[in-house]
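Just below sit the structures, each encoded as structure tokens.
Presented sequentially are two complexes of chain A, the first with chain B as partner and the second with chain C.
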Partner chain A sequence: MADQTVSGGGAGLVSVPAASGATARWARRAEALALPLGALVVGLLAFGLFLLALGKSPVQFYELVYKAGFGTWFSWQNTLSRAAPLLFAALCVALPARLGLMIIGGEGAIVLGGVAAGGIGAAVAGWPGAIAMPVMAVFAMLAGGAWIGAVGALRQKRGVNETISSLLMAYIAIAVMNHLVEGPLRDPASLNKPSTAPLPEALRIGEMPGMDVHYGFLIGVICCVISWVLIEKTTWGFAARLVGGNVRAAQIQGLPVGWLLIGFTALGGAFAGLAGMIEVSAVQGSANGSLAAGYGYAGILVAFLARHNGIAIIPVAILIGGMEASSGLIQRRMDLPDATVLVLEGFVFVAILLSETLYGRFKAFSPERWRTA
Partner chain B sequence: MTDTDIGLWGVPLAILGGAIRVSTPFLFVSLGECLTERSGRINLGLEGTLVFGAMAGYAIAYETGSAWAGVLAAAIAGSVFGLVHGFMCSLPRVNDIAIGIALMLLGMGLAFFFGKPYIQPVAPDLPAIEFGLWSDLPQVQAALRVNVLFLIGAALAVFLWWVFRATRVGLIVRVVGDSTDAARAMGLRPNQVRIASTAVGGALAGVAGSYLSLYYPGSWNEGISSGQGLMAVALVIFARWNPINCFLAAMLFGGAGALGPALQSVGVTSGYYLFYAAPYVLTLGMLIATSSTTRALTGAPGELSITK
Partner chain C sequence: MSDFRIPTRRGFLKSTAALGGAVALTGLGAGRALAADTTVGFIYVGPKDDYGYNQAHAEGAAAIKGMPGITVVEEENVPESVDVQKSMESMINFDGASLIFPTSFGYFDPHILEMAQKYPDVRFEHCGGMWTADKHPMNVGSYFGYIGMGQYLNGIAAGHATRTKKIGFVAAKPIPQVLLNVNSFLLGARAVDPEITCQVIFTGEWSLAVKEAEAVNALTDQGADVITCHVDGPKVVMETAAGRGAFVCGYHADQSALAPEKYLTGAEWNWANVYTDMAETTLAGGTIDNFVRGGLAEDFIKMSPLGPAVSDASRAQFEDTMATIKKGGFSVIKGPLKDNKGGVIATEGQAFEESDVALESMDYLVEGVIGSTS
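== the complex of A and B ==
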């Protein structure tokens, strides 16, 4: 959706000779940066008013978010660890979104990827880590990719709305996870919290040198960069963007629309599945109910804030990760419930979506209107 | 089982009783969404509205001591969410599906935020009518204990069907939903009609939420909804935007939702979680069976983004 408005504005610029192509391009980039940032600020201010209305201090709130999320090296490490799953979850929304699909059930691919990794990991516990971990990652990506790829295929083959089907499949995935973790894959030793067998130390993803952040964050950043290159710099990505802009035109051009839809949804799902594997291998140590922690839903916000751009996802995920990292301190210091961060995210989300209406409204970002006025 | 053992007959009976109990929230949300979609908008945020309605209804019922005050509060809260959705979607280039997702997350966040103090206290329940007193079997009595809201919802389905079919208001909503241009040509204001339809739809979703927290399961907690608000959106498509069909589909979904607990009550415990997935699998199956890439869905409002 977002991209259609941007490309729509671009199409308008072509016919106007007043501004050179380069100026128009830079103006458009400035608009694409300024409007989301402006919307972010408006969302944060609106949440500040919400806090004021409740008799809490917004200044204290944002000070605490800064302190707990970004104030010290310790809090930065916490923030980066929390950002790691958001990177993958956002890719699961952003990649299909570039083809015009709104997939919001990444949570399902995350939990299934986690269960696949936990189950395979328990089966290959004796293998050396250098072989077993890639095997776990591959199975997790296959599980997640098949799950979300099926959503894309249903959309392509049967015209099933992908937003609804993906969320329904997320509920089904969580039921499947509970069934597997409490049934066939359950480690008999896990009494209070049903889990798969704990992974041996060799199959655990460790921390990056010199910091308390696991390698999952680095892998996530690499996946974001790969996605950006794929979408912005390759023929496949160009074809995908064409599908997102105008399906009919893409079909007339002879592009394999069906394969593009299924391929990019499956790739998004594979990234989400990888998030599940990392959550199991780096954080939990086994697959269990904690996999359904809502990363998939926070990822939707990250993707929309980043306007479905792979590189932009990285700073946005860190920002949201920092907000979530501050939740505990805010609960203790300000006596606010743990859902406070959810409300803040909701405000920011709404503000971002409302900013869509402003594209092309500001003269400063529309060089073609500079002369005529 | 209880004192009188009726063996496997307990399963269909429990499913019938469960269908009546579980279907009520589906019924209200789907009737509300049916109205909204008939006007040409889709509100995916009803899941958030439902959860907020559950919280608001429970909190007000607890504070006032009256369950019906809670239902009213939930309806008002729901209509506010609907109004917000309606106004936002009236802005150019703002996408109704995306706004729905955002309001779903915001509604749930706000419900958890304000609902924290109400997780422990006990609020009054909504009244139920005993239709099963003729029978000596406690299972039959339990199955036929019908909540008043279910009856109101059933009546509402017929009423809404009549409104769409035979009234001026119904015609206006249908025209706006089928063609913005035709509605403008008739001198109607499509955005106002859609905002009003979304507000009423939100109010009904709020009532559905209050049923969850005030009758079945009958308490407020953060896991109160298991996607009923969202499934109802798919249910409306399956019901072909017809309120009477919405009622039948809600009963079907309620029955599917009651399958897990019913089987558990007769001792079937393996695959317990998979039976809980039955309503989602059923919804997905319905969607797959009724969608098509080649022909427009019969009965679909022309302006609806989800079927284009």
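== the complex of A and C ==
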């Protein structure tokens, strides 16, 4: 069914008109880059005013963000370590978003992926890492994929709002995780912090050469690139964007809309599940309640800042990772509460959302202008 | 927004208020850490004014802030993930911290253990952990207090205050430390009246305000008229229970301000004493013991002052028992004692002192506690 569409009249439904020419395409790209960057700057400035109102120095604040996030080699390692789970969490938002679905419950897929990886890891503890770790990853992705895929299916089959259901299912997922690590999967030796059995060293993801950042970051970057290629360069991605652009049109074209919705939500969930596996294997060493660290929610911000573009997620995750890396130093040096960085992220988020209304409003970015010029 | 009032109330703004905007151009304030002999870092898993676990540690940190030669740096709301590892490293790299107190139980394995290997010259002191010589690095220490005794004393005050002979306990998770507190609370009350029962409700999380409030309402609906808890921040439990007309016993820190009329007493940590000792040892060039435990007698634990609702008979038994506990050799868990499923925990003459390691793997609720560990 899909081949019918792609070669057919579908092309006219996506953004870039065929005849717009290279200059016009660059104008659009410049707009896609300039507007979020401009919004970022506006958000940072607005937050600066907020700090002034509190009697704090914005200059000192941003100096500290720079120092703790990007100013030293340790800061970079700190930033990249924090960015790693955000890459996956953002994909769980971004992929469904390209089909017009707002999934905000990636946290659930992360914790279930972690529990699956921890449980399987404990069961295959004697296996060589080269076999056991992919098995853990597959089960984590299945768990996460099934969880968010179910959100997509509820939406498709029963018309349940995916935003609400994914959020509520995240709470269910955390309860399921607690039940499993405190019950059937609990290592009896984990007395005051119920956990699955600790993974042997062979099943632990190590650090990349020369730095204190685990391979999860690299895997995350690869997943982002794969997602970008999938969405931008394949017929499936094309069909997905078509569904996101106009679901009626996609149906009329004969696209398998239901399968696309469920498939892409499941894929997003699978990436989040993989994040859980990496948390367990690279950081925690076992699955336990610490898995619910809020990465799933931070990923929403990253995905929106990146406008749901897989490649853009990489620098944005690093930026947000850097902001979070600076939270501690800001608390210690400026006596501001830890929520300060959350407020900053909120300012930036609102600025980005507001900037969405500005697309096509600036003449400089208009393809028409460049075509005639 | 309420978060932004926190520093004001707790006085943390004072030090920077004068700086205002001018500090902007003076660089990053890096000189501050270098001036002191020892920089001590404190990391909290929740807000440091939670009226509970984290506030108790923050009060301990505040106690050593004024000591000459000590600079304190703090971070709150740090998750038990790579975040806490990086917070520790950041304190070491940017502030020159040489003694760090990552205070949440979940920070120990693997986070503190990894950082301790990476930074062998830094001392890591962890609350609640079980440091073991053959498993853990020498630059790690663990400390904890026998706060079950405090819950036993809470139970005595509760036993005198209850009219319905039903008391209630809001608990986070059915883990040994929590179960010991539940059992101690009930056994304290039964030292007053053996017919008293205690209903326990587990919320499943350390900090989950909505469920904590629901649990209090459920307990009072069923007739419980004295409530205590073991969650990270007892504020919601105290206020909700007092609002329902029940008496309350505190936990972790002093919550009397939240319910002045209904507050009987509370089992509090006395980290100010413990941290002052540890800071003095460090300043004197000594080494803190790797495994530190203490109770009421060692001033690791203290009781909130008795509230206005406490009767004279209650006060007498409370103070008498406290004196007995401080003398040493007192056991809360002693035979004959059964669990609430009928299994024998201790036979006649058998007793577990507060320091008995068997208590650190407790997995039962004693007879008289209504509830289940699973």
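The rule is simple: the second predicted complex is superposed on the first by the 347 of 373 C-alpha atoms of A that agree within 3 Å, B and C clash if a C-alpha of one lies under 4 Å from a C-alpha of the other, contacts with A are read in each partner's own complex, and residues count from 1 in each chain.
Note that in this section a residue touches a chain if its C-beta (ideal position, glycine included) is under 8 Å from a C-beta of that chain, and two chains touch if they have at least 3 such contacts.
Keep in mind that this is a model prediction, so the values were computed, not measured.
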**OP:** In the superposition on chain A, see if there is space for chain B and chain C together, and answer fit or clash.
**Re:** clash
**OP:** Look at A:67 in the shared chain and tell me whether it touches chain B only, chain C only, both, or neither; answer first, second, both or neither.
**Re:** second
**OP:** May I ask you to decide whether A:279 touches chain B, chain C, both, or neither, giving the answer as first, second, both or neither?
**Re:** second
**OP:** Return first, second, both or neither, reflecting whether A:58 touches chain B, chain C, both chains, or no partner chain.
**Re:** second
**OP:** Could you tell me if A:175 is touching chain B, chain C, both of them or neither one (first, second, both, neither)?
**Re:** both
Subject >> Partner chain(s) touched by A:300 [first = chain B, second = chain C, both, neither] >> reply: first
Original post:
Of the two partner chains, chain B (first) and chain C (second), which one does A:78 touch, if any: first, second, both, or neither?
Top reply: second
Original post:
Which holds for A:335: it touches chain B only (first), chain C only (second), both, or neither?
Top reply: second
Original post:
Counting only touches as set out at the top, which of chain B and chain C does A:183 meet: first, second, both, neither?
Top reply: both
**OP:** With the two complexes overlaid, spot the stretch of chain B among 38-46, 74-82 or 110-118 whose C-alpha atoms clash with chain C.
**Re:** 110-118
Subject >> Intersection of the chain A residues that touch chain B with those that touch chain C >> reply: 175, 178, 182-183, 336-339
**OP:** In the complex, go through chain C and note every residue touching chain A.
**Re:** 3-4, 6-7, 12-13, 15-17, 20-25, 27-29, 32, 47, 73-83, 86-87, 89-91, 93-95, 105-106, 108-110, 128, 173-177, 204-205, 360-361, 374
Subject >> For the chain B and chain A complex, residues of the former touching the latter >> reply: 44, 88, 91-95, 97-99, 101-103, 105-113, 116, 226-227, 230-231, 233-234, 237, 270-274, 276-277, 280-281, 283-284, 287-288, 291-294, 306-307
Subject >> Residue numbers on chain A that touch chain C, as the complex places them >> reply: 52, 54-60, 63-64, 67-68, 72, 74, 78, 81-82, 175, 178, 182-183, 191-194, 279, 283-285, 288-290, 293-294, 324-325, 327-329, 331-339
Subject >> Interfacial residue positions of chain A with respect to chain B in the complex >> reply: 1, 5, 102, 104, 154, 156-161, 163-165, 167-169, 171-172, 175-176, 178-179, 182-183, 297, 300-301, 304, 336-340, 342-347, 349-350, 352-354, 356-357, 359
